[in-house]
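What follows is a pair of complexes built around chain A, which joins chain B in one and chain C in the other.
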Partner chain A sequence: MMQIEVNHLVKEYKRKRDPGTLLKALGSMFRPDYEIFRAVDDINLGIEKGEAVGYVGPNGSGKSTTIKMLSGVLTPTAGTIKIDGLEPRKNRMKINKRTGVVFGNRSVLWWDVPVMESYRVLQKLYEIPEKTFRDNLEEFIDLLDMERIIQVPERQLSLGQKMKCNIAAAFLHNPEIVYLDEPTIGLDSESKLKIRRFIQKMNEDRHTTFIVTSHDFQDIESLCQRIILINHGKIVIDDKIGAVRKNFTKKKQITFDLADNPWSKGKEFAIPDVRVLDVGETNLVLEYDVEKTDSMEIMNYVSASSDIQDVSINGQDIESIIREIVKKDNQGEV
Partner chain B sequence: MRLRYYGRLWKAYMRIGLLTTTQYPADTVIWIISMLLREAAGFVGILAIASVMGSLGAWSFYEICLLFSMCAVIEAISMAFFDNVWSIDSMIRRGEMDVYLVRPASPFVQMVGNRMHFQAVLSMLVYIGIFLWSARGAHVPLNLHTAFVLVEYVICGTLINSGIYTLFNSLNFWIVQGSDLAEFVQTCREFVKYPLHVFPAFIQGFFTYILPLGFIAYYPVLCLLGKTDMPVEILLPAVAAFVAGAASIVWRLGLKGYNSTGT
Partner chain C sequence: MKKFYYLMRMAFMTKFAYIKAFWFNIFGTAVSILIYYFLWKYVFRTREELNGFTAAQMTTYVIISRVLSSQFSGGIDREFSEWVYKGNIVVELLRPVPLLYNLFGKRIGEFLFFLLFKGIPISILATLILGGTGPAGAGQLLLFGMSVLVSIVILFWIEVTVGLIGFFTLNVWGLTFTKSALLSILSGGVVPLFLFPDEVAQVLNYMPFAGMVSVPASIYLGKYDWNQAVQFIGLQIIWAILLGLGVLAFYRFAIKKVVVQGG
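And now, the complex of A and B:
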């Protein structure tokens, strides 16, 4: 049995239709005009214990909605969710004790009291034994560098410090699954790095299962083995990051270091489907379409006119791969 | 049972509430003064009417004070420990219920525990003082029956009062102006600071059968003063159970349909 099993999950929101004119707006006060909006559309997933999954997709594609259904905040319109065989909405107390949630745009701590006081309430809420609480706290303080900040009320903390405190808060009760919705949104790179390392360590040491949504593909690449792409509420891709990279890389970059560079002196680059990105005295950067040509052909061509000193080939980064898949998916829909 | 768990949790929330209160001492002072002034003004109004009309429905001065103070004690308890039900509206609009739903405790307990109003405890002490003074003046008998009714009253009265507030504020899950309705109910509550029998029958009926606010002071006072044959000792828990049950159903239904907010 998978730890998380999602079958035919659907979430529809009722939205008031934009009335258009003021007159119609007045009319709709009495007879509201609703439209049904399907934010999550027939999603199926299975996630094993200890997996780290990146849940990505454009703005408004339904990532947060999915996370909220998984964590029991929203009731699904249709379909089922099973966490260790139990439905989150029906076994709230049991499942919530084993899960942790971080909402990047929402704090779970008390604004006016030192962070440590908030942690004490969480200890009671999750019934965390004193020893576990102490050990975890000590480890988290060390990993996230929070020694000083937990003595300060949340309202006096910076965004990055707040997020560190919220992330630590989600792990105090040794959860088996943690959902992170945009955990690094708006943070400085230093905090991002610390948070990434922390999550990585929890995954490695404690085999905590993760589902992470993020706009930052560095987060996804450094944290996750698997990636799920959602677009307009539907899953487009669900695969290992490596496999996605391999299967969907359409373009590669090739960089030459040349003894002398005839292309910098106006020579035409004669292979079709190769784009010259940069050209200088001794360097040449090309982008080529892997389906139409390959590196051998390019290298043969280049070496025929020049002396290659060094060469390096780069695949496309995951972010641009995903962007292209989404673009294709959108065109397919129209 | 989970009773001990919630006991410990409640203590933790009280600690947060107290720490928060101490962060804003000036607010506390202003809040207490305005609360006392407001209540004093209402009280003086009742006394003025009573003195103009000779008496209110044949009730003595002390008896009116008794009714007034008991009404106020219950309201102060509701304000101290259940005040956050008045934020249901804004919590829904800002999607703040999310946090309660992902934790392993009753969302309702978490919501009311999240913000306590310890200033109201101070005003409660003032009203308890008025209560003791007027109970002596009104010759409330000092016996086991009185003690029993009072304990029952504090529990059931609070349940009825806060239950009604919870119910009406929970309407915010469906309608936009739910808080206005709840505030309207709170205004209606002013009626029950007067002996109900001075009002026309339909108002008495309304506060007995429809919006049973008569049970947060009037009927218990009748019982304490031995002015009624109604079995108030039995009616109080029955009404409290009914109101709390209805509030719980509305709250749960609302939470089930809760849609958070987009991010």
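And now, the complex of A and C:
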């Protein structure tokens, strides 16, 4: 059995339609004009214990909505969710004890009191044994470098410090599953790095299952083995990151270091579908379409007219791959 | 119980963080006590007693009613609805204790803070300065305390209801305002219930609102005999249970419709 099983999940929001005129706005105070908006549209998922899944998609594609349904806060319009066989909506307290949730734009801590006081309350609410609590706290403080911030009220912390405290809070009770919705939004690269390392470590040491949504593809690449792409509420891709990269890389870059570069002296590059990105006295950067040509052909061609000193080939980064898939999906091609 | 204690403690500490604002709050209550005190003083210029109340008793009524009804404008409803409005309800729903339990802990914490830092000191000071009467007896004082305790449960249910309506209207500012005004009037917080027309007063006496000001104040002043006092407290308890059941049903219904705002 999968740890998380989602079948034909749908969420529709009722949205008030913009009334247009003031008169109509007055009318709509009494009889609001609603339209149905389908934010999550027939999603199926299976996630094993210990998996780290990147849940990506453009703004408004339905990521947060999915997370809220998985964690039992929102009621699905249709479809089923099973977490270890339990329906989150109906077993909210049980599920809450076994999961941790981090929302990049919200805090689980109490705003006006020192962070440590909030942790104390969380310890009692989650019934965390004193020893577990102490050990976890010590480890987290060390990993996230929080020594000096836990005695400070949350309202006096910076965004990055707040996020660290919230991420630590989500792990205090040794959750089996953690949902992270944009955990690094708005943070500097130093904080991002610490948070990433922390999540990685939790995944490795404790086999905590993760679902991470993020705009930052470095987050996804460094944290996740698997990527799920959602667009307009529908899953477009669900695969290992490596496989996505392999299957969807359309263009590669090849960089030559040449002893003598005839193309810098006006020679035409004769293979079609190859774009010259940069050309200098001793270097040549090309981009080619993997479906039309391959590196061997280019290498043969280049070496026929020049002496290759060094060569390197780069695939597309995952961000631009995803961007292209989304673009195609929006045009109805995938 | 431990969980409840820690939730209460958190509410207490949060209140402490805003102690400066609290001084203004106390000042406001003190001013309103003075205003009502002088109003009644004027009334009592020409008479010895009104409906069995002496001037000193009326002063005590003013103090108790002003202090108790100063709670009506606080409470958890505004924050609860703000959770809904700003979407933080999502975090509160993810806590491993039921939302209402969480809220009740918070409310009781705030109530204890109110008692300790405002209710008790202001009442004692005002009684001494303005010359009110003390409790009719030790038994009355005890029953008065019980009545206030039960009333806080009733008040809590009302606040939850107001907050819940926020699930649907997404804004409860007007509602919280109406709530505190209505409660002040219906509970006897503005004028004693006996000043209402007889039939209205009769009905109001048996409504849950009376339990928040009129009943405890009357018990304190010895206006009810022992039997009446116990009966009124019993009635309050019944109201607390009935309202609780109703609000719980409404809560179950509303929570299914929770729409969490914002990404």
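The definition used in the following text is that the second predicted complex is superposed on the first by the 331 of 334 C-alpha atoms of A that agree within 3 Å, B and C clash if a C-alpha of one lies under 4 Å from a C-alpha of the other, contacts with A are read in each partner's own complex, and residues count from 1 in each chain.
The rule is simple: a contact is a pair of C-beta atoms (placed from the backbone, for glycine too) under 8 Å apart; a residue touches a chain by one contact, two chains touch by 3 or more.
As the structure is a computational prediction, the values presented were derived from the model and not from experiment.
> Check chain A with both chain B and chain C modelled on it and let me know: fit or clash.
clash
> Which of the two partners, first being chain B and second being chain C, lies in contact with A:Asp112: first, second, both, or neither?
The answer is both, since A:Asp112 touches chain B and chain C.
> Is A:Leu125 in contact with chain B, with chain C, with both, or with neither (first, second, both, neither)?
In the superposed model, A:Leu125 contacts both chain B and chain C.
> For A:Phe103, is the partner it touches chain B (first), chain C (second), both, or none of the two (neither)?
It touches chain B and chain C both.
> Mind working out whether A:Thr75 is in touch with chain B, chain C, both or neither, as first, second, both or neither?
In the superposed model, A:Thr75 contacts both chain B and chain C.
> Could you say whether A:Ser64 touches chain B, chain C, both of them, or neither, answering first, second, both or neither?
both
> For A:Gln331 in the superposed arrangement: first (chain B), second (chain C), both or neither?
In the superposition, A:Gln331 contacts neither chain B nor chain C.
> Determine where on chain A the residues touched by chain B overlap those touched by chain C, and list them.
Overlap of chain B and chain C footprints on chain A: residues 13, 64, 68, 71-75, 92-93, 96-97, 99, 101, 103, 105-106, 108, 110, 112-113, 117-118, 120-121, 124-127, 153, 181-182.
> Residues of chain A touching chain C in their complex?
Those in contact with chain C are residues 13-14, 64, 68, 71-75, 92-93, 96-97, 99, 101, 103, 105-108, 110-113, 117-118, 120-121, 124-127, 153, 173, 181-182.
> Going by the contact rule set out above, which residues of chain C touch chain A in the complex?
2-3, 5-7, 9-10, 13-14, 17-18, 87-91, 93-98, 256-260, 262-263
> Can you name the residues of chain B that touch chain A in the complex?
5, 8-9, 11-13, 15-16, 19-20, 23-24, 95-99, 101-105, 110, 114, 256-260, 262-263
> If we count contacts the way the header does, which residues on chain A are in touch with chain B in the complex?
Contacts found on chain A: 13, 60, 64, 68, 71-75, 89, 92-94, 96-97, 99, 101, 103, 105-106, 108, 110, 112-113, 117-118, 120-121, 123-127, 153, 181-182.
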